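These notes open a run of structures that come right after.
Both complexes below contain chain A, partnered by chain B and then by chain C.
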Partner chain A sequence: MRYQPLNLGRWVLWSATAIVFVVAPLMFTESFALTLLIQMGTMIIFALSYNMLLGQGGMLSFGHAVYSGLGAYITVHALNLVGKGAFYIPVPLLPLVGGLAGLVFGVLFGYVTTRRAGTTFAMISLGIGEMVYACVLMFPGFFGGEAGISTNRVVGQPYLGLSFGPAIQVYYLVALWCFVCIAAMFALTQTPLGRMANAVRDNPERAEFVGYNTQHVRFLQLALSAFFAGVAGGLSCINFEIVSAENVSAIRSGGVLLATFIGGVPFFFGPILGAVVFIFFVVALSGFTKAWLLYLGLFFLVMVLYAPGGIASLLLMQIPVIRARRFGELAAPYVAAFAAALLALAGLIGIVEMVYRLSEQGARTELALLGFAFDARDLAPWIAFGAILAAGLAALRRATRWLGARWSSIQQDLLARQP
Partner chain B sequence: MRQVIELRDVHKSFGTTKIIHGVNLAIGAGERHAIIGPNGAGKSTLYNLISGRFPLSAGQVLLNGEDITGLKPHEINRRGLSRSFQVTNIFHNLSVYENIRCGVLWSAGCGYSFWHRVGGLAEVRRRAEQTMERIGLARRRDVLAGTLTYAEQRALEIGITIAGGASVVLLDEPTAGMSRTETAQAIELVRQVTEGKTLVMVEHDMGVVFGLADRISVLVYGEVIATGTPEEIRANPAVQEAYLGALHKETAHA
Partner chain C sequence: MEFFLVQALNGISYGLLLFMLSSGLTLVFSLMGVLNFAHASFYMLGAYFAYQVSVKIGFWPALVLAPVLVGAVGMLVERWGLRKVHRFGHVAELLFTFGLAYLIEEAVHLVWGRLAVESPVPPELDGPLFHIMGSQYPIYRGFMMLVSVAMLVSIWLALTRTRIGLVIQASLTHPQTVEALGHNVPRVFMLVFGGGAALAGLAGVIGGNAFVTEPGMAAAVGPIIFVIVVVGGMGSLAGAFIASLLIGCMQTFAVSLDWSLGGITIAQAAPVLPYLLMVLMLILRPRGLMGTRDG
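Let's turn to the complex of A and B:
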């Protein structure tokens, strides 16, 4: 009986997720939004698979792109062979090829990496990442060198009336796979292996003394995680119709670590949020400014310092406050902190953009931000943005103090009410 | 009586320091065996050797007549030997229930399954809930283990150890750091949960030891200087000399 509402909540949550996937592309009309959504779906799978290692198994990997990247390479070859008529696999099932490839490489490399945990695991994963990257460049016959291997996803007869030429069809393919993978990875957390992965993360020694070989637990967890990474790789191959050395690079491996961390390692759904934000930075922001990587890095830094549980933890922290019907007290300080943060951000952006313009040879030094036009070679905008940044930071400091005071008084009341 | 645990001339050195010098010990089925000895005598080290945490420098360990020397801790656990730790060794970020369930999973035959839903395994749940009842933590089911009180963590430590239903249980100072009432409760718990099992226990509280144990071994500087029933141990002059006497003096001073 006690579990009834919980199950209901779960149904609501999963249905809502499904609805979001269905309606998301209908809300945005520009084709750019669709590109963004497709990449977010792929990244969600990739980040969740990464968190099977980091969050659930306590394995910090610096080479997770190996599995998505090699999965993508195998998919691109499969797709090209299908195009040549060598055999037939319907395009919607190609991500499965990527997944199986990921699984095979997961078994292969995982056997080596998971022999150790902790720092050693991290170092070996880094080494394997570098090794695979070097191999990809070394065998251009198979991997296509720097340029990579391109393909055409429209092959053979339309499958169920779908050619997968239009981006919207690709979107729904990604959305379907994404939904299925989220469900599958969630289900995995509820299995004996998933639970023992948590135990091995927390206290590997004790896990040994209740009958579990921690090495096997890590190995199986990694192999399964590599499968999902491979699916993500297969989807990205279908989307971009090209796979290059970048797909297995340390940049990708670092990216998925960033995304997962930003979203929230301790929570299953954290990486979903992280993937969305990360793709926003990488794809959307990179269209506006050359400094996007700097902003992403700063954002990551702020999260690591002030919210190590990621965006998910920030959201979940509010739940007890909302339950106690005291969120209203926090609204004002939240708004104040948000406004102050925006002000500081505006100042920071102004300065960063000016620095970028001045440092770049031959770039135009006139800029416009929020309708204000100015020239980076003048002194006035530097003073103005510096002042805005300083004012914003000062305001932010006061606002967070205010917020902190209210927050701790609410927490004390909540604690006092507990039995 | 059938020997459940047998140590044959076991030696252990850390680097050049010899900690265990040729221990021979035989513990029979269903026996409650206490190991006593002064601090640093090597009691915990002996446990670590039996349970596979450390490799032996020399000698042999047998479990139910089979040689288990050099096996990994998980292999030894699967043969029916389970141990607790002197320094609480639990899964801090998991709930009480999940901690206990970790102790159940292997012995319930779940293995590394990633195709069963753990919540749907009725046998696992039944055993975990029964264990929580027995250690008195049923009401703390969903509390994170790291936030329990010290005495509760000690109870959980025992709970994880016995949850799998191992037939041989090694407890390393289960009452360490407890108050008198807590100790009495913990010992009652130990008595109940090890009914019909072979129990080996390291314990400093002499009242507890003489009340609970069928036989006692005295370990001093890595050597077993005596093994016998509580009466024999109490009457043994060497033990008096090396250990009990010293302890009596200590308590007399305090």
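Let's turn to the complex of A and C:
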């Protein structure tokens, strides 16, 4: 053990996280907000477990939902057996069952997938994901086919006075598991395995020369990541009380990749932000428009093109500027760029919604955006929204140039000041 | 015997279609190191463009126009998207094409709806080609084989016998030297990416009529062509060819067999077979059929 002084910042950060978990449902009391928070908690665990592969191990997986989904299936069967009185596991410990199931499948599939790294690993993980999905549909006896398996989380005697019927109790269960898992996954990054995973990601050849078997490191990292994914699956099973083929599908695997990347792969806390944004997109935005996946996909592409470090990197980039007390100079271009982006977005949304209304049979072609009513069959709104989009993009270009110029001058000053 | 012959022909024509897809993927991968996740989406775009052109003009113009349009889309994607993420590395490129696949699928949802569109086989190609022992073989299957073989031969000729093909081959191994000789290597990459997309588009024109043109068609065939590339060996055209025919025949035979194995018929297990083959291949021979040894 090396000597470490008390890291005050770290203690403050972890305590603040715990407080946010405790206080969040008190601030947003509507039942909709509570379901949103529960799903965010589950997604945070799932995205962080995914980042153990992509961020820390350099393994791009297209089949991570396999582990969470199969964990959820095992959990739902365990819960049903508990309900029948076959054996007794208190409900709060059920996610552990899901986690262990995830671990077992992680060991099983990881043995095959981690034989290769890089692009080949990505393709193999996709193949494994499709294989499991096809198998789930093939054995309706165990997996319940398309409809899935439903359950009831209120079983047996209340545990410590908690029946887990009300959503608020489920929230605190998810919050507790989420906090424990975040802490555990962070602790894992500090272990020799976590460090070696980074080394294997950055330079597998050197890692081999130091005497580590890269395949073995990848395998361990994947198995542990599958454990946490299984915990997330178990929690989602308790929350939704149903597990279906969709839980192991490519849609889920893609979703966790999107969430993690949008949040920020290079940083431990990035996926937490990503999960919050992603659930907001999935749950909140899908209520407003059927084109929400298109917007999510566009957002993802913009992040890949312009901010490969995700939201987390965009936030962290500001810290040195704020420390140097120069953030005020950036405020004006930021506001301008934000306004221009909003303008372009408004034009885009108008066009996308009109295309959608025209193509779907039986949909009403009259729509109203921001209080303006119009008909998608007329030409005028197309010209108007096209003009708004073009003007927004042109303004965005100018604003980002302005921002870029100020940004680089500040960076130069900061560099010059360094000894 | 008759069953076997018809199934074998069907399997080969399906396998050739798969090879039209996997060859484009392999070419782009071996030239640019980019695994194009959106390759199957270009296949779907080809089918939808062909549907749109067929409705307006007819099938034969669609056969030419749709691949050209898809190729143009591919070039735009390379020029304004892939080239920008290139500096962030291969994972970023893969992620970009992954996001693109999302986007194309959603765009198809928006423009053409969520249901399958009507794309019948043109009347000239509808009907039996010949009879084998009482059962008839459709002309369209023969047409599929003809187009795929013609395409493969012309690619091979273009790559080995023409000037541009030689430049492409040289850019594959010695990009700096080719650039020093005055060729625009980024433009070569753009052409190759667009060409790969056009190949997928052509497969889409044919596959869309033979099977069904629907928004799920990319997701249905995408994983299979990845399996083919892994089984055949990354970046190997010959390996992709063998694996395509193997998987095409395997799928076709499996679907029509009702031998039971532990309560599940082989037909029910058909969707899993390619993936099982991939897993077996990875355990026994991790580099694939014709692949070279690498990490």
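The working rule: the second predicted complex is superposed on the first by the 413 of 419 C-alpha atoms of A that agree within 3 Å, B and C clash if a C-alpha of one lies under 4 Å from a C-alpha of the other, contacts with A are read in each partner's own complex, and residues count from 1 in each chain.
Methods note: a contact is a pair of C-beta atoms (placed from the backbone, for glycine too) under 8 Å apart; a residue touches a chain by one contact, two chains touch by 3 or more.
Everything numeric here is computed off the predicted structure, so don't read it as measured data.
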item	value
Which of chain B and chain C A:F164 touches, first, second, both or neither	neither
Which of chain B and chain C A:F179 touches, first, second, both or neither	neither
Partner chain(s) touched by A:F46 [first = chain B, second = chain C, both, neither]	neither
Larger contact residue set on chain A - chain B or chain C	C
Touching partner for A:F121 - first (chain B), second (chain C), both, neither	neither
Residues of chain A contacting chain B in one complex and chain C in the other	214
Of chain B, residues touching chain A in the complex	51, 53, 72-74, 77-78, 82-83, 85, 89-94, 98, 101-103, 105-107, 110-119, 121, 160, 163-164
Residues of chain A defined as touching chain B within the complex	187-188, 190-196, 198-199, 201-203, 205-214, 216-217, 220, 224
Residues of chain A touching chain C in the complex	58, 60, 62, 112, 115-120, 122-124, 126-131, 134-135, 137-139, 204, 214, 250, 254, 257-258, 261, 291, 293-294, 296-298, 300-301, 304-305, 308, 352, 355-356, 359-361
Residues of chain C that touch chain A when the two form their complex	29, 35, 81, 84-85, 88, 90-92, 94-96, 98-100, 102-103, 106-107, 109-113, 219, 223, 226-227, 229-230, 234, 264, 268-269, 271-272, 274-276, 278-279, 282-283, 286, 295
